[in-house]
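Okay, so subunit A shows up in both of these, paired with subunit B first and subunit C after.
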Partner chain A sequence: MKISKEKFGQALDALIAEYQIIAPVSDANGIAFKGVKSFSEVKQDYLNSKLPPKAFFFPQHEKLMSYKKEGKDVTVKSELKVENTVLFGIRPCDAKGMQLLDMVFKNDQYTDPYYYERREKAVIIGVACQKIAPTCFCSSFGISPAGSEGSDLFLIDLGDSYDVEVITEKGKALAARFEALSELTADEQALVEKVKRAETTSKVDVSTTTSKLDKMFNSPYWDSLQEKCIGCNVCSFSCPTCHCFDISEEVRKNEGTRVRTWDGCMAPLFTLHGSGHNPRDHKKARWRQRMMHKFNYFVHNNGSMSCVGCGRCIKSCPVNMDIRQVIDGANKAELVVE
Partner chain B sequence: MQQNPYIPITMKLVKNLVETEDKLINTFTLEFLNKQDEENFKYMPGQFAELSAYGHGEAPFGIATSPTEPGILKFSVAKVGCVSNALHLMEEGTMVGVRGPMGNYYPIEEFKGKNLVIIGGGFAFTTLRSLAKYMLDPKHRGDYGDITVIYGARNPGLLLYKEELAEWENNPNINLVTTIDRPAEGWNKHVGFIPSITEQIAPSSVNTYAVVCGPPAMIKFTLPVLEKLNFPPERIYTSLEMRMKCGLGICGRCNIGTEYVCKDGPVFSMAQLKELPSEY
Partner chain C sequence: MNKIISDIRETARQLLADGKVDVVIGYEKGSLPLKATPCFVHSAQEVDSLIWDETCENNLAAFVAKTPGKKAIVAKGCDSRALVVLLQENQLVRDDLYIIGVSCHGVIDQRKIGAEVGEILEASITDGKISVKGMEGDKEYLFAEVKDATCQTCRYPNPVIEDLHLGELIQVSQDVAAFADVAAMENKSESERQEYFKEQMSKCIRCYACRNACPLCYCQECFVDCNSPRWLTGGVDRAENLLFQAGRVLHLAGRCVDCGACSRACLQGVDIRALNRKMTKDVYEMYNHESGISEEGKPALNVYSANDPEEQFLVKE
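Moving on to the complex of A and B:
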C-alpha cells in the first residue's frame, strides 16, 4: 500500500500533540536526527546522519538521579523522564542497531529502565536506502539497504508517495492514523522490488571471522594494527551499536546530579583501576577489545555480531582506520601456535 | 518494571574505623535505615556493592560482613581515589548510598561437606572475612569440614580485623595461620610469604576447596603451590577486581572476554579463568 507524501506529512504533523517527532534535518555538520515541528522540515534526500539515532534512547549525556545534602542527611530523586516518540527516517542499519542495543540494555539479570522506558514508548519508521554510500557495507551482515528488521513501519520512497509496510503491532497502530492508502501501480511495484533487491557494493566476508577470532587473542596481528590509531573514540561515539558509558557526578554546593555519558573502549582511563593497574593498558589491547567485542564476544553472548555496516566509523576516523580492512586482515592473519 | 537499579538506598555510616597502622584502610560500618531496605538487600559472601559518597561519586567494594550479621554492612576500603578519600574523611552519622548486592558469590552450596582453605593477602581479605564468618555461624558450621585460614600482610599493623583474628586464634572451629613478610618485634607467629607458608601448612587437597584472594603477585605464586598440592583448578576459587561503573553488565568496561566481572563474577574458579583471555 502507498500513501502520498502530502497525506503522510499531514498525518505525522497531527501526531505532534502526542509525540515528539524525530527526523533527519540538515544542520551545520551535515545530517542530524532532531526534533521537528512539521514534516516540511524533514530532509528527504539524505544518505544517513553523522551520529546514530541511538541517542534518543541512550543520550550522549543524561541525568540518572539528583540528590540534595543537608548536614549529614541526603534526599535522592530519580530523574527518569520519558516521552512518546516517533523516529522517522531511520535507515535499516540503524534500526538493526537498536535491536542489538536492546540485547545490551536488558540482560539475564537487569533491565536498564532509562533505555527501555524510552524504547517502549517509541515508534520507529524506517526508510529504505535508495542511494548507497561507498562506506556502506550492511549487506555483509545480512542487512539489506531495504531491510525492515527493527522498524515498526517501513517506507520506500516512490517519488510523490511512500510504499508503506506494517512490521509490528506498534506500527499497525500508527498506520491506522493514515488515510488515503491506495494500491501501488505496476511501475511502483517494480520499483519496490528493485529497491528490495539492492545490496551494498562494498562487502566484507564475516563468515569465518568469529571462529577465527576465537584463536586470535594472542595474535601478533594486534601489534601493528593499532599503530596509527590516536584513541579519539570517534568510532565508538558514531557507532549505532556501541553502548559503553561512564557514570559521574555534577555537583554544586550541596546539590548534585549523577549523570551518564557515552564512553568508549579506546580510552586508557576506561579500565584503569584505583590501584593504578590497567588490564588494557595499551592501544593494542584496546583495539583487540573493540574487535573482539563486536565480532566475537557479542556473538558468543547474544548470537549476533555487534556491527551493522553503517560505515560511520570509517567516514569519521581522523586517521582512516577502516573496520572492513581490519576484519579482512583478521580473516587472513596467520595463526600462531600457542 | 523492576526497581530502578541505578538508584542507591540510603544507609547511615555508624562507624568509620581506621583499620591499619598506615591509616590507608578504613572499615565503614553502615546501618540499614529500615527493615524493608534490609529485606531487599539479601546477599551472600563474595558479593559486592556500589557505595556512593554523595558529591564525589560511587565505586564498587566487596561486602566484608556476612549475612549472619543482621542490620549492618561493613566495607574495608583503601584510600586510593576520589570516592575512597571522601569516604575516609566522612563523619560518622553521614548518609551514604548503597546499590546492590551485586555479582555472584562463593559457591557455599558446593563447599558443603568439604574442607576449605581460605588464603588471603593484604587487604584483599574483606569478602574472605564474610565467607569465614558465614561458615563459622553455628547454623552453618556443621555443613562444612575443616576450615583453615592462611592470612598474610607485609607487617602486623597491616592485618585487617585484628580483634576477629584474636578470637579465631582460640576458636577450635577454625584453624588460623597468620604470617608477615619479614620478622617484626613482638611477632611470634609465622614469617614468610603466603606461597611458601601455604606450601608448609596447607591441609591435604583431598575433599578440600581453596579460595585465594590477594594482590596479583601473591595469586600468581600461590596457584602453582596449590597445583603442586593437587588442588584441581575446579576446586580453586578467587574473586577478581575490575574498574566498574554500572555494576549491571551494561557499561562495558569490566569484561574479561565474554564475561562481565560485575554480573558473571566477581567469583571465578581457576578452571573458568583458564578458559578466558588473560586480560585482568
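Moving on to the complex of A and C:
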C-alpha cells in the first residue's frame, strides 16, 4: 500500500497534539533527530543522523530521582517523564539497534522503567535507505538497508509517495490514522522490490568472529590494536547499541538528584574502583572489552552481535580506527597456544 | 613516490635496523579517502606502510609520552612545538626521542569538502590539486581552498626541533601573526559573542575527543574526571560544556601550540579553537610569548620574574 507524501505529512502533523514527533532535520552540523512541529521541517533526503537516535529512550544525562531532607523528613520524587512519541525516519540499522538495546533494558531478569516506559510509548516509523554510504556495512550482520526489523511501520520512498508496510500492532494502530492508502502500480512494485534487494557494498565477514574471540582473551593482537586509540568516547557515544552508563549523586546541602550518564569503555575512569585499583588499566584491556562485548559476550548472552554496521564510529574516530579492520584483524589473528 | 616519503621510510628502516629506536611513530594510509591514520612501526620490515601528505592531520606528539621505549616520531611544525612544551615540562626524555622533522604545507579540512560533496567516495591528490568524488557530486579543489583553518594561520610550518629535516624549508608570511580571526571575534558585540558560544557549547557531547587528541592535555586526572572535589556534573548542557571547554583552555594558557588537533577531532564541529586562539593572542600580547618555539624557554605561566612589569603581582616586602 502507498500514501502520498502530502497526505502522509498531513497525517503526521495531525498527530502533534498527542505525540512528540522526532524526525531527521538538517542543521548547521549535519543531520540530527530532533522534535519537529510540522512534517515540512523534516529532511527527507538524508543518509543518516550524525548521532544515533538512542538518546530518546536512553538520554545522555538523565535524572532518575530527586530527594530532599527537611528536619527528619525525607521526600523522594521520581523524575521519570514520558511522552507519547513518534520517531520518524529511523534507518534500518538504528531500528535494529533499538531491538538490541531492548534486550539490555528489558530481559527476564530486569526491566529498566526509565528506558522501557519511553520505549513502550514510542512508535518507530522506519524509512528504507535511499543511498548507501561507503562506511555502511549493515549487510554484514544480516541487516538490509531496506530491512523493517525493529520498526513498527516501515516506509520506502517512492518519490512523491511512500510504500507503507505495517510491521507491528503499534504500527497498525498508527496506520489506521492515515487516509487515502492506495495500491502500488506495477512500476512502483518493481521499485520496492529493487530497494529491498539492496545491500551495502562494504561488508565484513563476521561468520567466525564470535568463536574466534572465544579463544582470544590473551591474544597479542590486542597489543598492536590499541596503539593509536586515544581513548575518547566518541565511538561509544555515536554507537546506536552502546549502552554503558554511570550513576551518580548530585547533592547540594539537603537536596539532590540521582542521575544516569552515558559512559564508555574506552575511558580509563569507566572501570576505576574507589580503591584506586583499575581492572582495565590499559587501552589494550579496554579495546579487548569493546570487541568482546560487541562480538562475543553479547552474542553469548543475547544471541546477536551488538553492532549494526551503521558506520558512525568509523566516521567519527579522530584517529581512523575502523571497526571493520579491527574485526577483520581478529578473524585473521594467529592464536597463541595457552 | 615523493622524496619525503622514501626518506621517511629509509630513515625509519635504518633507525629500527640499527636498534636506535624501538618504534617509529608516523602515518599510514587510512581506511577512508583523504584520511591518514597514526601508525606504529616496530620492525624494519614494516616501514613501507609509512606515508606523508596533506592528510596527516593528527598531532603525533600526543602518543610519544604514552609509548614505551626509545621512539622516533614524524613531526610537523606543530607536532614539534608540542614536543618542545612536553620537554620543557619534563614529560619526555630527549635522548629517547628521534625527531624526523618534515616541512608541512598544511592539512586538508575534510569537513569543508564533506559539506560540499557529501560522503567522500574517492579522492586523489596530485600537484596541489585534490579531486574528490562524493555522494552528492564531484569536485576539484586547489589545496589552498581546503586548507585547514589552523594551517592558514600557521607560523611554524618547519619543525622547531628535530634530528633530521626532510623537505624544503617553507617561508612564512608575517601577516599570520596579526590574529585577524581573533580580532574579528573581539570586534563582535558581547551579545553576538554570547550567542556564538552558546551555539558552539550546545553542540558539545563531552566525548573528550578534543582533550584526548591534544598533545598537551596529559594530566593524570583531568579536572572533569575528578570527583573529589567534583568540578563538573556529568550534565551535558551548555553551562557544563562551557565549564569544561573554558577550563581546558585555561589549562592550556601559554602552552597551546595551536595545532588544531582538538577542532579536527571534534565530531560535532565545535569551534574549540576560537577559545584557544584568543588565549594564544592574549599570552602573545601580555607576555610576548609563543609556546613551544625554543627548548630554552619555559611556558609563560611557569616563569617568575622580579622585573615583572605588572607590579601588582609582586609582593613587596
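In this section, the second predicted complex is superposed on the first by the 332 of 338 C-alpha atoms of A that agree within 3 Å, B and C clash if a C-alpha of one lies under 4 Å from a C-alpha of the other, contacts with A are read in each partner's own complex, and residues count from 1 in each chain.
One rule holds for everything that comes next: a contact is a pair of C-beta atoms (placed from the backbone, for glycine too) under 8 Å apart; a residue touches a chain by one contact, two chains touch by 3 or more.
Every value quoted in this text rests on a predicted model; they were computed, and no experiment measured them.
Enquirer: Quick check on the superposition: with subunit A as the shared anchor, is it clash or fit for subunit B versus subunit C?
Expert: fit
Enquirer: Touch check for A:237: first (subunit B), second (subunit C), both, or neither?
Expert: In the superposed model, A:237 contacts subunit C only, not subunit B.
Enquirer: Let me test your reading of the model: by the given contact rule, A:248 touches which partner, first (subunit B), second (subunit C), both or neither?
Expert: Both partners, subunit B and subunit C.
Enquirer: By the touch definition at the top of the document, which applies to A:65: first (subunit B), second (subunit C), both, or neither?
Expert: first
Enquirer: So, A:256: does it touch subunit B (first), subunit C (second), both, or neither?
Expert: The first partner, subunit B, only.
Enquirer: Using the touch criterion from the header, give the chain among subunit B and subunit C with more contacted residues in subunit A.
Expert: In the superposed model, B touches more residues of subunit A.
Enquirer: Mind checking the angle subunit B, subunit A, subunit C on Cα centres after superposing, to the nearest 10 degrees?
Expert: 90
Enquirer: With both complexes overlaid on chain A, does A:140 touch subunit B (first), subunit C (second), both or neither?
Expert: It touches nothing on subunit B or subunit C.
Enquirer: Please indicate which partner A:131 is in contact with in the superposed arrangement: first for subunit B, second for subunit C, both, or neither.
Expert: After superposing on A, A:131 lies in contact with subunit C but is clear of subunit B.
Enquirer: Now for A:306: first (subunit B), second (subunit C), both, or neither, which partner does it touch?
Expert: neither
Enquirer: Now for A:219: first (subunit B), second (subunit C), both, or neither, which partner does it touch?
Expert: In the superposed model, A:219 contacts neither subunit B nor subunit C.
Enquirer: To be precise, I mean the smallest distance between any C-alpha of subunit B and any C-alpha of subunit C in the superposed model; what is it in Å?
Expert: Minimum over all C-alpha pairs of subunit B and subunit C: 6 Å.
Enquirer: What residues on subunit A does subunit C touch that subunit B touches too?
Expert: On subunit A, the residues that contact subunit B in one structure and subunit C in the other are 246, 248.
Enquirer: Note which residues of subunit A are touching subunit C in the complex, please.
Expert: Where subunit A meets subunit C, its residues are 28-29, 47, 50-51, 60-61, 131, 133-135, 224, 227-228, 230-234, 236-238, 246, 248, 250, 259, 261, 264, 267, 269, 314-316, 318-322, 324-325.
Enquirer: Taking the touch rule as given, give the residues of subunit B at its contact with subunit A in the complex, in rising order.
Expert: Interface residues on subunit B, with respect to subunit A: 1-2, 4-8, 10, 54-59, 78, 80-81, 84, 91, 93-95, 97, 216, 241-243, 245-246, 248-258, 263, 277, 279-280.
Enquirer: Which residues of subunit C touch subunit A in the complex?
Expert: Answer in residue numbers: 30-32, 35-40, 58, 62-63, 67, 118-121, 135, 199, 203, 205, 207-209, 211-213, 225, 227, 233-237, 261, 264-265, 267-269.
Enquirer: Taking the complex as given, what residues does subunit A use to touch subunit B?
Expert: Subunit A reaches subunit B through residues 64-65, 67, 69, 72-74, 76, 78, 80, 104-105, 107-114, 116-117, 217, 243-249, 251, 254, 256, 258, 260, 263, 265, 270-275, 277, 279-280, 285, 289, 292-293, 297, 300-301.
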